[in-house]
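Chain IDs A, B, C and D follow the sequence of writing; residue 1 opens each chain.
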Amino acid sequence: MTKASPRELLIAALARRIKGCRHVAVGNASPIPAAAALLARAQSNGAMIVYILGSRAHNPYGDGARELFDSAGQGRLDAFFLGGGEIDGQANVNLVTVGEHDRPQMRFPGSFGSAYLYFTVPKVILFREEHSRRVLVPRVSFVSAPGTSPPGVHRTGGPSALVTGRCIFSFDRARGRFALETIHPGQTALSVRAETGFDYDAPPQVSVTEAPGAGELRLIRGRISNEMAEAYPVFARREWPSHDAQAAGR
Amino acid sequence: MTKASPRELLIAALARRIKGCRHVAVGNASPIPAAAALLARAQSNGAMIVYILGSRAHNPYGDGARELFDSAGQGRLDAFFLGGGEIDGQANVNLVTVGEHDRPQMRFPGSFGSAYLYFTVPKVILFREEHSRRVLVPRVSFVSAPGTSPPGVHRTGGPSALVTGRCIFSFDRARGRFALETIHPGQTALSVRAETGFDYDAPPQVSVTEAPGAGELRLIRGRISNEMAEAYPVFARREWPSHDAQAAGR
Amino acid sequence: MIERLDLDALVARIPDGARLAIPADYAGVAMEATRALLRRGARNLRLVTVPTSGLQADMLIGAGMVVEIETSGVTLNEHGLAPRFTAATKSGRLRIVDTTCPAVHAGLQAAEKGVPFMPLRGLLGTDVLAQRKDWRVTDNPFGERGDAIALLPAIKPDIALFHAARADRHGNVWIGRRRELAAMAHASAATLVTVEEIVEIDLMASDQTAAGVLPRLYVGAVTVANRGAWPLGFIDLYPADDRELARYAAAARTDRGFAEYLEGALRRAA
Amino acid sequence: MIERLDLDALVARIPDGARLAIPADYAGVAMEATRALLRRGARNLRLVTVPTSGLQADMLIGAGMVVEIETSGVTLNEHGLAPRFTAATKSGRLRIVDTTCPAVHAGLQAAEKGVPFMPLRGLLGTDVLAQRKDWRVTDNPFGERGDAIALLPAIKPDIALFHAARADRHGNVWIGRRRELAAMAHASAATLVTVEEIVEIDLMASDQTAAGVLPRLYVGAVTVANRGAWPLGFIDLYPADDRELARYAAAARTDRGFAEYLEGALRRAA
């Protein structure tokens, strides 16, 4: 078996973080988190319920698009993956605009459910493959969802980690601050620091993100790549081109 | 064809009052209004949508029990029939208790949807077969639903008439007062006054409630009696015993 | 795989003192489970009827297992007043929280959405509102000054209990058009369901069946109960047993008649 | 019998200036009707996306027919940013009312229930909330002092427009699991639907089909549009046409590319 690709590493790393969750949801334009959720689900022996926005096969709801949010409001959604046009060191997320709201320099698609799910899902995992000072900024231009809230704000959820193409940060909600947890193969503590626009804690020695095992890789390249072809056909074709024939045959 | 029974007269009289409505609902324990709604529907050439609580065949909703109330809130429910343990001269309705709420002399089943539908349905027709001073009282003990509301209260509906086993009153919302409209065969202005516990207006000469025509009677005794056997089997058997065999054969 | 229990184990999940949500007679009442609960002898139940009840509430009340009922109406419909409910209201031993149907739906929807309250029109000037110390009236902040509107707190039952046509092995339950059962389950901490049958297909696999499903996410346990709503009717599967309901209505008029009926009903069901 | 119109007559029911509710890409987008609307040249539309949109909003915006969009997100998903939306945001010609998905659902539910507003958790401290002068924050009257909660006004579109699998001759429309379409229709003054087919059965006659139905009470008119969501996919009937979507995404990067694409798309569809 060939070595895990960088994306397969991310898929396995994200999947590990939601192990044991009963109900996990993946939002818009999130192929890597979607693959991670499907991997964790495949490993859960049927216990994990996974929702992938835009997927017909992975829609566990009977009440339409509202049910994702309602179930989160009920405390029934354990984990959610969230991206960000910009993410800052307090885990604030911007999915809307850079610059003036009405005349932006940059416009992202929109906040989607972030302004709600960030408050209501116990374990929100921020994910953005691009790890650069353009994305990881000192302070977001627009707060689609705040990383922390003052005392008194009803909040049962929030960010637990930030996973990027270079590393994994854990988030300390009390301190409102990220700490470097592991770096991916090929990165150094210095390279991560250089590409990150916000300050964070780092241990003196940082370990390397665990690569997927042979069993995980087999699952990813087999069942998961096939499942991914339904909701993320473009991604699946690009990431696992050799599996096209197999997927088409299903 | 035999002459219309008193109940058949009521069915026809109620049906006439909802002619032209697009959407009509009938609540709990209301066999005569249910038959009236079914009659009006049969005469509407498919235009009228009728909901009969507890009926499977006459349930036009896809959103469960909530949809009756939601559709009324949207302004989509044109007419509703409402009964009352007590009804007073201001069209206040009591479906809860006579006497102290916590130690009542008399307990009725409960307010059902009246505390909402009386406010939101443009044409609410009060119906109570028993016309006595026990039911038609000077002042209800408990207001399940008020006949009128002070200015400023958001109210798009309310009572339009009160139909009993003796007569039909129309209701003047501005004055908050009933007026005798017609009396049923066998009644007199005096007999009605004697059995009514509240004051109301009456014309010098009061006409008699129009009896159902032959076509209406045929419909009532045919199609309507059969349709009624589903939601109101006990009533249908008692009212149209000769139609039992016919209904059973359907 | 969903946990499948026998009836006694199912109703053992309903603790004494539980706030128990039950559906209206037309929506799938778990009568067989109710008989199991009556056999066990539950205590201090607080019923929430969604939005009304009949035989089920009347029997639980008659057996002295209910301390409180939040309801828009309790009635045996064509068989008359609910006799044990009516008797209990006069005894002062049952706390009756009168409400109105859309307020029950709104309260469940508030819990379903994870919000503390829901506004509702109507209600102003009623004694239903006047009696409810837990309801509030506020000025509509989006309206003219003085546009009063009622706010109703979320209704969060401990347990929802109902009967449905079928479930699959994963615990997805087909409720058809009775979407108030979904709201009830969403609002409740746990949901217990009896079904006519367990089917081998995955009810979520096709849109045709999924459109009527309460998903397994909400379902705690399922028990097969054949004709589980009897003597009430159940959708197109069986009509109400009017003779049995008339028998109950007549018997339950007196304490003694009810006790005899109950004994017979529990013996037969055992 | 439901009124059955041809496509041009259907979209003629959408007046210039209408507040138009449209579903997300996965829920049944009436693309064939949208092309008819583009041919007609609607003006000053105010879109409400339920809760997001993609190709449909992007084309209407690109054609200059939209003055305002209330949305949680506009994106071509795997095909990248929505290019005409993105360009319009920078031009200042399009009023963007940013929202978040559950706020759209809550606003429609408020209209569905006939209440002026709905509370929603979350939101506090976001710039989404800060931008919305039409939203309010209040103290939860059922909570501790200082428990702030957002109140969102009802969203009442003039028209809801979507595509569904089938309707019957009465106008009952089968929406399956896409219950947000029901909420959208309930909230809207009028609902226009394109369907793949008209079926001969009464969809309300059996609980099996009725469970997925938007009843005729809400449906203004129905038009048959074969493959009416193309090039978007539609439930299990056809997948998205990824090649066509990629072609759009590439073309619409420039004003000129979009104009050429649009001309071709409208010509072909005519």
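Simple rule for what comes next: a residue touches a chain if its C-beta (ideal position, glycine included) is under 8 Å from a C-beta of that chain, and two chains touch if they have at least 3 such contacts.
Since this is a predicted model, take the numbers as computed values, not measurements.
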item	value
Shortest contact path, chain A to chain D, counted in steps	1
Chain A-chain B separation of Cα centroids, rounded to whole Å	58
Euclidean distance of C-alpha centroids - chain B vs chain D, Å	40
Where chain B and chain C are represented by their mean Cα positions, the distance between them in whole Å	27
Interface hub residues of chain B, defined as touching at least two other chains	59, 61-63, 69-70, 73, 120
Multi-chain contact sites of chain D, meaning residues that touch two or more partners	109, 113-115, 120-121, 143, 147, 149, 177, 182, 210-212, 235-236
Touch relationships between chains, expressed as pairs	A-C, A-D, B-C, B-D, C-D
Touching residues (chain side chain A, partner chain D) in the complex	28-29, 31, 53-54, 56, 59, 61-66, 68-70, 73, 95-97, 101-104, 107-120, 142-146, 149-150, 152-154, 232-235
Chain A residues within the chain C interface of the complex	23, 46, 49, 59-63, 69-76, 120
Chain A partner contacts - residues on chain D that touch it in the complex	24-27, 50-52, 71-75, 77-79, 81-82, 85-86, 89-90, 92, 96, 98-103, 105, 109, 120-129, 131, 143, 146-149, 177-183, 235-236, 239-240, 242
Interfacial residue positions of chain D with respect to chain B in the complex	1, 111-115, 170, 182, 186-187, 204, 210-218
Contacting residues of chain D [partner chain C, same complex]	106, 109, 113-121, 136, 138, 140-143, 147, 149, 151, 153, 175-177, 206-208, 210-212, 235-236
